[in-house]
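Each structure below appears as structure tokens.
Look for chain A in each of the two complexes below; its partner is chain B in the first and chain C in the second.
== the complex of A and B ==
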């Protein structure tokens, strides 16, 4: 504090320390901000096709779904972006819980956080039984519907 | 001493005051920024207020305001004794011949 350079040094060093405290308090309080995301996934269409995959007869599921999710409440002052995904869970003889991502998206602004997706189609995956749900870092939301697989449409071609 | 006009020195009381003003100012603006940013849910506003606070604190503390030089150090008056006089005379007498050459 004796001359100019010492005061500049003292102010910058102290401001740096306070800024780290500010960032820390923002990070800690952000954990306690509550949110109320709502989401719904409706399955319009579910078709199973049999294909030869790695010399093995394999079921592929083709899903068309409507997604309606209001995630605007997840955007607080410390939210940069959201990673969202529709996850299908199913059970096999070997494993109790299998999870496959059907659809995902990145939301970068509060204005885009109300998702309305009509006739969203998935990639190719093999299922035994599916349970679509909205998986989020802050917990699962939305419907947990269980849909039994219909018989493959091209069953005759393979039997 | 040629750069002393740039150093903007404070006296001891002024240094104490400047340290308090700078620390209190920066903390105050950080707290204001946090509260305002939280209430309006705008993190950019928090850091704008914080940056503004650093600038305001710098204006308050960096220049040599007269407030920080109200208690200049009072030096004791120089002691005049025989020894001092003698050394001064010696220096003068030593320097004289060199100048004459």
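== the complex of A and C ==
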């Protein structure tokens, strides 16, 4: 009545059902785990230099910053990694929104999730993107800080 | 173990054989319908993709399955999106690292980079192309399932495997009786 192939088939089918059921429940429950990430970015130094880039006088920003962030609470049973980045967000006459990543890092363990980066080179917004071990991607979490942009240091040299 | 199946095949008359073939076609067409419905629902031409390169490690490895969606709102820095460069077949999964929204036209100028790459993607774009735009984007990564897509990669690397697998499935469908 039952031959070997039928038995193997039944076992594999049952194992798959159980595995996907488990994966689904972990993926759904991990969406409801609360977290309170905190982060702060201090600018040590922000210098603007004018350089000739592609035959155009262009402003280059050199930034040194201290990052202090505690992201340990973002690690739950379905967190594979955090992608953290310091993003400069600004508005210009032509473009209503500009976003540029100044610094980024990938954190893969809870032990490394307390960041104290001193004198990190190269403004005002910091964000975290969570990659789960599987399942749904979490959105971006960010804190905002506004930093005034100083005038170029070597302005006189060019004008 | 196959004698029974062969005997079963011999015993089948034309009508039964036609029934099995129809059943088989039915399965293929429903799979296609589900795929196309998913494409319509997510507004993405290929809602499920397999990661083919290691450029997004350690987030995604070769053979991981990604579920895509097309967001209504504009893209933002940090989004992982799949895009296709004009004139090239293979879509690329990378992260947005620079973005400029034009005021008048709302056109997005997007620059991407793979997490595992040292430099941004300008070298991957067409010659002289500095930015990609919304029309190049196939979707934004919404969900993720590791390892499952490895079969696709194996079938791409060893095309014979594809025919063996399809042949085996065909045979199974023919001798399978409900």
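Rule of thumb we're sticking to: the second predicted complex is superposed on the first by the 129 of 159 C-alpha atoms of A that agree within 3 Å, B and C clash if a C-alpha of one lies under 4 Å from a C-alpha of the other, contacts with A are read in each partner's own complex, and residues count from 1 in each chain.
Note that a contact is a pair of C-beta atoms (placed from the backbone, for glycine too) under 8 Å apart; a residue touches a chain by one contact, two chains touch by 3 or more.
From a predicted model like this one, the values you see are computed outputs, not experimental measurements.
By the touch criterion stated above, A:108 is placed in contact with chain C alone, chain B being left untouched. Touch criterion met: A:3 reaches chain B and chain C at once. Of the two partner chains placed by superposition, only chain C is touched by A:100; chain B is not.
Comparing chain C and chain B on the residues of chain A they touch gives the larger count to C. Contact with chain B, but none with chain C, is seen for A:76 once the two complexes are overlaid on the shared chain. In the overlay built on the shared chain, the residue A:85 is in contact with chain C alone; chain B does not reach it. Contact with chain B, but none with chain C, is seen for A:15 once the two complexes are overlaid on the shared chain. Once the two complexes are overlaid on the shared chain, A:24 sits clear of chain B and of chain C alike. Within chain A, the residues touching chain B in one complex and chain C in the other are 3-5. Per the touch definition, chain C reaches chain A in the complex via residues 1, 58-60, 76-80, 95, 97-103, 109, 115, 141-146.
Those residues of chain A lying in contact with chain C across their complex are 3-5, 23, 80-81, 83, 85, 87, 93-101, 104, 106, 108, 127, 129, 131-137, 140. Contact residues of chain A toward chain B in the complex are 1-5, 7-8, 10-11, 14-15, 18-19, 21-22, 25-26, 29, 76-78.
Residues 6-10, 14-16, 18-19, 22-23, 26-27, 30, 33-34, 37-38, 41-43, 46, 50, 54, 57-58, 61-62 of chain B are the ones that touch chain A when the two sit in their complex.
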